[in-house]
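For reference, the structure is listed below as structure tokens.
When the chains are written out, they are named A, B, C and D in that same order, and each has its own residue count from 1.
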Amino acid sequence: MYVGRFLVVGPDGGAYRVSSRSFPNREISVREDALTVGPTDDAPETDNPYVAYNCVRVVETPTGETAAFGNGSHVDPIAEKLELGYPARDALATSLLALDYEKDDYDTPRIAATVGDAGEAFVGTVREDALLVERVEEPTLVATYEMDTPEAFEFDASDAETAARSAYDLEFEHAVCAAGVARSEAGDGFETAIVNDD
Amino acid sequence: MYVGRFLVVGPDGGAYRVSSRSFPNREISVREDALTVGPTDDAPETDNPYVAYNCVRVVETPTGETAAFGNGSHVDPIAEKLELGYPARDALATSLLALDYEKDDYDTPRIAATVGDAGEAFVGTVREDALLVERVEEPTLVATYEMDTPEAFEFDASDAETAARSAYDLEFEHAVCAAGVARSEAGDGFETAIVNDD
Amino acid sequence: MYVGRFLVVGPDGGAYRVSSRSFPNREISVREDALTVGPTDDAPETDNPYVAYNCVRVVETPTGETAAFGNGSHVDPIAEKLELGYPARDALATSLLALDYEKDDYDTPRIAATVGDAGEAFVGTVREDALLVERVEEPTLVATYEMDTPEAFEFDASDAETAARSAYDLEFEHAVCAAGVARSEAGDGFETAIVNDD
Amino acid sequence: MYVGRFLVVGPDGGAYRVSSRSFPNREISVREDALTVGPTDDAPETDNPYVAYNCVRVVETPTGETAAFGNGSHVDPIAEKLELGYPARDALATSLLALDYEKDDYDTPRIAATVGDAGEAFVGTVREDALLVERVEEPTLVATYEMDTPEAFEFDASDAETAARSAYDLEFEHAVCAAGVARSEAGDGFETAIVNDD
């Protein structure tokens, strides 16, 4: 099954995976404070505005640290609203509603999630016909196609490496790259990990 | 089962019912352009800000007519955003998020729905842990307690009278009053109906 | 000159005054955590939805204490957004835009202000043709009519009593009642004061 | 004087100009339905997220045609909200507040404007300390620095060519490129024009 880009978020961590038929020549790299999806060196040029973006950001909030991740340019305003003090629910809802689904041939939804350091995790998506943001108590998946409403999904996000690898290896078609995020065992913030196509 | 206030919205109409343990002395009356929930003449005085509000409004939008209904003061900004031209999804999401759940002892959710004259219906709710707005293709119920996530629910909203009566008669406890709304058979807008406690 | 309801907000305090031709029989009273505008005992009944509301609220935020005040029901969501952690700019903008100007015969603007305990004050208004929210460094007035864009205005808000009395005594017509708010001299939060018609 | 990027919007048209000390190697080109700011062929590579964006878009709304322009990626959600039916005031306010000022070394404001085909024009900006959106009745300028509050400004936007050229030639320092937009004389939508560095 092809579900497009997807994420899984559980109480303590999560993962985001790029799956793509149209733009497979992409990879995730580490920038200051962010993991970034972008074209590989050998990718054909495109002016599609949806192929490069920060997919994971870890930010300081007034009350702790929060990781935000998702499938597009909305990850930045979500992270920035968290830094300003918005609760996760409101940072997700505001940013998803403002940027809305992608204006491509498929009305591709935007998806996003947050994990806070007090154990609160949220998932969100905006579709042409819906805006859904909710707290999750167990691992939850949402994808851009087919599985486009958040649903419980068995997943191991106990550490970032495992989360990224598990997401990359899931049976869904056209895996390109994946990122994992998890609260660090030492309890002081978040660790991240990347899996790029070999 | 006590589910508190609830609404059902289907493609062509819907109903809203007040169920209440704390403030049963209420009724729905007709005001210009709105159905209004308020205390009966013999109700004890209260300064609770959540007992009186417009529960149904029918408004002209730039592209037709839409009915909006719900369990509190958010029905007015939803109706007004529809008049300004906001799509139903956005009118619901913006108003629910801004007014948020009721700051009472139960963090009671706000619930709302819209029916457009082109056959589009939406349901929405805001809870302490979620903001959920989505298009519905079949009758869908959402309540303030227990059934606080929208779910499919068999319901006859073919005319306003039937919708109001059906909602009032549902087995959920502590019925106080109900309003129904349906696209008129003549196809020119909406009709409404009221059932108050006998 | 009749400027309708107005407020003045300076770096350390402010005041809100009800001026009214249509509903002069009103007073401000103290409720738990709020100052509330409402009809006097001898006021004629009205179903105008804009005459009774919390005009001042002092709330705990994640980083301190903030006072919010204004001319209508938007003061509650502004206060609640501040409690959730929204910065003042965003709490004002979100709530004013969602509730919008009053849908009366004059398209009366909503006005509001905040004073934080770190010395930050903001003013905001939403009109049919504008949404204006900005930090103020000196006493600033905004009214519902005539002076409906925030402007610098000499005013003494050094303590709550003085602020309320000064606002009540200003030459603008049809004074009904006024509330003052100021950071307490002890530096631990805010004090409030009320002046009602004699 | 260096005011950075700026725009002028009058009742019937307007212009946007890129002024830049850091990224002068840029030009405006025509894409389907948009004018786009991007690097010239000889520009050094950068991963600054704020140098390439659609600066002008003309969209169909439910009630006519509207031109939107501004200094960054917020022009897209503004245009898309207009297409959905949001009034200009709300499309500007929602998108500016969600994307907020640029998170660079200068907290550079986002600026934007709209011109509708019924003669309504709006200007907006979001700064670290303000969100300002208002209808304009006469040509009005707002810039990212120094002149960062909208102010009346004599300007000829009677046709797109003149508007673009006038903006480019204004005495403000470090002109890079400019775009103009005006209601077409035939009254059927908008014309646009571009001036790039020679």
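Convention: contacts are C-beta pairs under 8 Å (C-beta built on N, C-alpha and C of every residue); 3 or more make two chains touch, one makes a residue touch a chain.
As the structure is a computational prediction, the values presented were derived from the model and not from experiment.
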Query = In the touch network of chains, how many steps separate chain A from chain C on the shortest route?
reply = 1
Rotation, 0 to 180 degrees and nearest 5, that superposes chain A on copy chain B via CA atoms = 180
Interface composition of copies chain A and chain D: same or different, split at half = same
Key: chain A-chain B separation of Cα centroids, rounded to whole Å   = 34
Query = How big is the gap, in whole Å, between where the Cα atoms of chain B centre and where those of chain C centre?
reply = 31
Remark   = Cα centre of chain B to Cα centre of chain D, whole Å, reads 41
Contacts with 2+ other chains: residues of chain B = 90, 94, 97
Key: Complex contacts: residues of chain C adjacent to chain D   = 89-90, 93-94, 97, 129-135
Touching residues (chain side chain A, partner chain D) in the complex = 31, 47, 49, 73, 76-77, 80, 94-95, 97-100, 103
Sites on chain B touched by chain D in the complex = 62-63, 84-87, 90, 94
